[in-house]
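You will see chain A twice below: alongside chain B first, and alongside chain C after that.
This part shows the complex of A and B:
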C-alpha cells in the first residue's frame, strides 16, 4: 500500500464542477482566465464542452512575461483587448488570475483599478485559479464561492427574502428548507435560479443569508456582512437529529416553527424501507463526490439495514463522528482514499464471506500513517472489465456516486454530485427514490462519467 | 494582442506533451504540479486513461513547499516510494509553471530517484507555458537516447514510425499508416510511442528507414540518423496521393541514405482560397493530398515548423490576425473549434486535432 506518498491520482469521473462551471452561474458574466497554457487547457475546454465558448476568453502568460515583469500590463491590455473585440459588452467580467501572479506579487489591485476606469459599465470580479492554495484554509473552492457574490451590492433589505448561498444546484420545491421558508411567508432566493444579471443583482435585497455547505460558509458570512444582515449555517447532513437541529435554527431565524419532525422522520423511514425492499442486501459503495457527507450517508443507510461495503473519499475527517460510528458498528466496512496512487490499479474485490474470521475487522486504507487495521485479500483476480456487473437480473453492487461507480465498475449507480438539489428529510426521500431507480436501471458507465460538470449542458 | 484570445481555444502544453509522448511505455510519470494538470491531461489529452493502468500523477505541490523550496525533496521521496511499489521501467517528471518559475531542479530530483531505485529517470524542465510540441519532442528524444543504444543491425524492409502521439495522431490514422506501409512490403518494427513499447523503441536503430508523422518526432529521427544512419521521411500519408508519395519517399530515403520530406517540392499557392490550419506535418501532407492549399500553423514552439513551411505558408498565433487572414477564403480544413472565426460563406471541413480540441469532435 502507498500511504505516505503525496503524489495524487485523478479518477476518471468528471462530473464534479470546476471553477469554470461555478463562475458560469453568474448570468451573462464573461470569464477571462489569465494563465499559462497548461492551466488554460482544462478551463478553455471545459467551457467549450459546456457550449459556452461565447462567454469565455483567455490571456496566455508566456515565459518572457515572467522574466520581463510585465504581468500587470499583460493582464490589463489582454482583458481590454478581449472586451473591445467582443460583439456585446458583458455586464460582468470574472477575471481569473493564477498561482504565478501571486508568487510574483502582481499588483492586482492596480490592474482592477485600471480596468474599472477603462470600462466603467462593467463589474469586474477578481477570481482565482490557485491550486497551490488547495490545502490552505481559504482554498480555491471556498474562494470561488465567495467571488460568486462579489458583484452583488446592498439593496434595500427585504426581510422576506432569504438567500441560500454557495450552492451550485437549486433545491427541489419540496426541499425542507424551501418548505419552511415559504411556511414563514418568505421567499427563497438562489443563484442557480437567476435568469439574467439584473436578477442576480437583486440578490442584494436578501434579509437573511443561509448556507449548508462548509465551502460556502465564508461566502455567506462575507455577503451577510456586506448586506448588513445575518448569516446562518445549517450544515448538510443525513442524520435525523442534525437535520432537525438545523431546521429548528432556520425556523427560528425566519420566524416560524419546525413542528413536523416526527412526520418527516416517518416519511424518510418509509422511503428508505421502500428502497430497501427493492435493493435488498445488494452491496453498496459510496463516494465523497455524490455528497459532502459520505460517512453520514453511509451511517444513515447502515442504520436502515442496507449492506454498506465500502466508502471512497479523498480524505477522512479525523474527528468525523459518523466515520468513527461506522468503524465501530459496521463489520467489514472498507475505506479507500481516492487520490492515493495505488488506486490507479485498484480492483474491486468482493468482501470476504461471513465465515471468514477477518470479516469483523475493518479495512481502513485511508489513513496516511499506514495504520490501517488489516488487509483483506482476495485471490479472485478480478479485472476492471469483469467485476461488479449484474448477476442474474440484479446488480452485484449499487454505487452511490461516480467515483464509487468507477472503482467498482458498476453500471448501477446514482449519478449526482455535491448533494445535488437535496437537503434534509425530503432529500433522503428523493435519494431513496434515486437509489431504487439506479438499482433497477443500468447506465452507460463511461459515457456518464465522461461528462464534465454534472447537470451542465455538454457537447460530448 | 497576440496572447489574448476572445474565442479560440488553446493548444495542449509542453507539460502534457511530455506525458503524452511517454504514456504507454511503462513509466511512472509525474507532473510537478499542485492540482489540475492530472485531470486536464487525462480528461482532454489522453484517450487511454479510462481503460488502462498508465501511471500518471501530480506531485500536489503546495504553497508552503513552493515558498520554502522543499517540494523537490518531497517529490523525490514520493516518487521513490511509488516506484518501489510499481516497479516502472522508468520515471519521468514534467515541470509546470510554479516549479519552473521558482527554479526547481528537476534534473537533480530525477537523479536522486535513479540513484535510490536504479530505475532510469528523466527530468523535463518545461514551463507549462509553451505548446505541446516542445515537451513531446524533448521527451521522445530523451527516451530514445536512453533506451535506443548499443550496436545497430539494420533489418531490410523495416520501418520505424516516429512522432506518433494521440495529441496529433488518431488511432484510425495510425491504422491507415500501417496499411500503407504493409501494402508497400514494409514491416513496422517500432511505433514511437503511441501503441508502442520500450522494447520496440530500442529496435528503432535497426530500422532501414523511419517515417516521421508529426513535428515532435523530428529530433528523435535526427538522433537515429546521426547515431545509426537511419534515414527518415517526414510526412503523413492521408489519401491516395500522399500514400503513394510516402512509399516513393521511403524508397528514395533508403536509396540515398538521407532524410526526405515528401512534400518538400510542393509550394503553397498563395492565391488559393483553401486554407489548412493545424500541425505542420499533417497540414502540409493534407495540402499535397488536396492538390494545393495554403497552410497556417497556429503554434510556434518547435524550431522545425518554419523549416517545413513553404513560401506561401504562415505561422499565425494571433487570433485577430488569423481572423483577418481567413476573410477571403472559401474552404478551411481545421479542427472544429475554429468554427468561431470562420467567416460566413466559407466552409469548414473539420479535421480533429486532439492537441487543440481534446475529446470534442
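This part shows the complex of A and C:
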C-alpha cells in the first residue's frame, strides 16, 4: 500500500511526456490500450494530438466483461482483431493493460502467450496504465522506460556500440557523451535516433549501457543484464566536478581519457558570462520540468551571478547538497512545490527588495507584436541591449521551464523538458544560448503550454 | 518443491484434511508450508496451538511494503509454516481480490525462495466463485489440484464445478486435476457416487477419510488428529493420503 499523499495540483503545462509519447519512441510500434472507455479518452487524445492515430488503437472494457469473466478473451480477441484489420502488420505491439486487469487478476501471462502464438511475427510488449495502483516499487515513468527496451533481444555484442538508455531525446552531436565515445572510436546508440524497427532491434548489440537519468536506471540495469553487458550510470548534473567525475567514469569505460576539463569549464564559463551580459540581473525562475536537476541548475547560475529568485520543484530528491547551498548562499531565494493544492491560486509576487536589489527600470514603448521594446538602464546606470518586457513597469522574469513560466506568467521562458538533448559542459553552453534567446524573444505562453509532449508533432 | 491446491465445498473438511496432511508430512521430516486462502483465516488454526496469526492482508494494510515474511509466516506444529491470506470483513469488499494481493505479496517477498518448503498446500475456500480463487491453480503456484468431497449431492456438485474450472484452464499451464479425496459422511452410495464423479473427470479417488469422532475430538482440542492421537487409525489414514498425494 502506498503512503497517502493527499490532494495534488496538476499544473496546466502540458509539455511533459506521457506513456503514450514514450511508447511511440519505438519506431513502427503500434500501441493498443485495453481499458474502460473513460480511461481511453485521455490517451486517444494524446495520440491524436501528436498525429499518430495510425499507430494507436483501443479495446474498450465494459461492465459485463468484468462480471462475465471474459477479460482474457477480450484482450486476446480485441488485440487480434485490431492486428487483422491493420493494413500493415506492425512488427511490435505495446499492449497497455489497465487497473481492472490487475484488480481482477487477469492472467496476462497467458494472454501474451496466446497472442505470441497467433502472431509469431509480432513482438508483444506488456505495458501498463494503472494510475490507481502500483504493483511494484517502480512508478509509471520508470516502468515505461523499462518497457521501451523489452523487445530488444541480445545480438552478438559489438564492443564499439554504447547505448544511452532511457532518454526521450537524443543528445546533440556536440554533447560531451557523444564526443567522448567517438573519441574512443566507438558509436553512440540511442533509441530516439532509430528510424525503423530493424534499427531498434540492432540496439541489442550494445557492448555497454549508459544512463544519465534516475528514472532510467532500472531500465538500463535490466537491459544490461539481458544483454550480458555492463551498466554505467553517469547522472545528469550542472555541477562542474560532478560532470567531470562522470565523464572520467565514461572515458574509463570506453577506453579513452577525459582530458579537456579545464577547456570545457572555460567554454561553459564563457557561455554563461555571455548570457549574463544580456540577461543581466533579471530575475530567474527555474522548475523541475525543464531539468531533472533544478537545484543544481539554480546553483550553477547563482555561482555565475544570475539572479535566482524562485525554484518550483516538488522534491529535493537527491539534490540535498545543492539545495542546502542555495539556502545558505542565495539570500531570499524561494522554493515552491508545484503539487501543493495552494498552487492552484498561486500568484507570483516580486520578492521584497533588499540592498542587493536587481530591479531594473523600464519605459513603456509598445512594439508591433505587443511586447515592449525599451532601453534598459540598470540601477547602476549601465545601458544594456534592447529587450522586450512582458508586463508594463514590472521587472521581467526569465522562466526556465514551462511550470516556472506558468506560475510567473512570463512570456520569456526556455521551453524544454527533462534536460532535452543536453548533457554536461556542452549542455551548459547550449542552455546559456537558449536562455539568451528566450530572454530576447517572447513566446506565446498559453499556446506553448497547451501543446502536449514537448518536441512531438502537434495538430494544435 | 511440490505445490498442491485443495478445493472443495465449504465445510467439507478441507482445512482439517490439509492441516492433518501437513502435520503428517512435517512429522515425517518434510518442510511444509500451509497457505490458507480464505478470508476467515482459520485454515491453520489446528496447527498453531492458539498462537494468533496475522493475515497477509491485515499486515499489508497496516505496514505496507514494510511487512516482513517473518510477520506473515508462523511456525506451527512440527514446524509447519502457517500462512493466512485473510480478506475483507464478511459481507464487504472482494475476497478474490484479497487472495490476489496475498499471493502477490508472498511472491514479492520471495516466500518460496526464503523458506524452501518441500511441500506447499493451498487450502482454498468453498466454491471457485471468481478469478481470484483460481490464483492457487495458476502457473507458478500449484502443480496439482485435489478436490475434497463427500457423497452428498451439494458437495459433489461443488466438486464438479471446481473440476470443470480446472478443465477449462487446460492449455494455460495451470495445475492439473490430481484426484478426488473422499471425506466420508456415510450417505447412501457414497463410494459409487464419488467414483462416478472421478470417472466423469477422468481422474481417481486418491484417498478416503472415514467419518470419525476422533477427528472432531482433536479439533475440539484445537489440534490435528495427527498431533492429538498420533497412533490412531485416523492419523495413519492422513499420513497415507499425504504420502500418496506427494508421490503421485
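Quick note on the criterion: the second predicted complex is superposed on the first by the 408 of 460 C-alpha atoms of A that agree within 3 Å, B and C clash if a C-alpha of one lies under 4 Å from a C-alpha of the other, contacts with A are read in each partner's own complex, and residues count from 1 in each chain.
The rule we apply is simple: a residue touches a chain if its C-beta (ideal position, glycine included) is under 8 Å from a C-beta of that chain, and two chains touch if they have at least 3 such contacts.
A quick note: this is a predicted structure, and the numbers were derived from the prediction, not measured.
Visitor: Quick check on the superposed pair: does A:69 touch chain B, chain C, both, or neither? Answer first, second, both or neither.
Guide: second
Visitor: Return first, second, both or neither, reflecting whether A:103 touches chain B, chain C, both chains, or no partner chain.
Guide: both
Visitor: In the superposed arrangement, does A:137 touch chain B (first), chain C (second), both or neither?
Guide: In the superposed model, A:137 contacts chain C only, not chain B.
Visitor: Who wins on chain A residues touched, chain B or chain C?
Guide: The partner that reaches more residues of chain A in the superposed model: B.
Visitor: Under the contact rule defined above, give the chain A residues that sit at the interface with chain B and also at the interface with chain C.
Guide: In chain A, positions 2, 103-104, 135 sit in both the chain B and chain C interfaces.
Visitor: Going by the contact rule set out above, which residues of chain C touch chain A in the complex?
Guide: Touch list, chain C to chain A: 60-61, 64-65, 96-97, 99-100, 104, 130-132, 134-135, 138-139, 172-173.
Visitor: In their shared complex, at which residues does chain A touch chain C?
Guide: Spelled out, the residues of chain A in touch with chain C are 1-3, 69, 71, 103-107, 109-110, 113, 135, 137.
Visitor: Under the stated contact criterion, what part of chain B meets chain A in this complex?
Guide: 1, 3-7, 9-16, 30, 33-40, 42-45, 49-51, 53, 55-63, 66, 74, 78-79, 81-82, 85-86, 96-98, 101-102, 127-131, 320, 337, 340, 357-360
Visitor: Name, in rising order, each residue of chain A that touches chain B in their complex.
Guide: That would be residues 2, 4-10, 12, 14, 36-42, 44-45, 48-49, 53-54, 56-63, 66, 74, 77-79, 81-82, 85-86, 98-100, 103-104, 129, 131-136, 341-342, 344-345, 384, 446, 449-450, 452, 459-460 of chain A.
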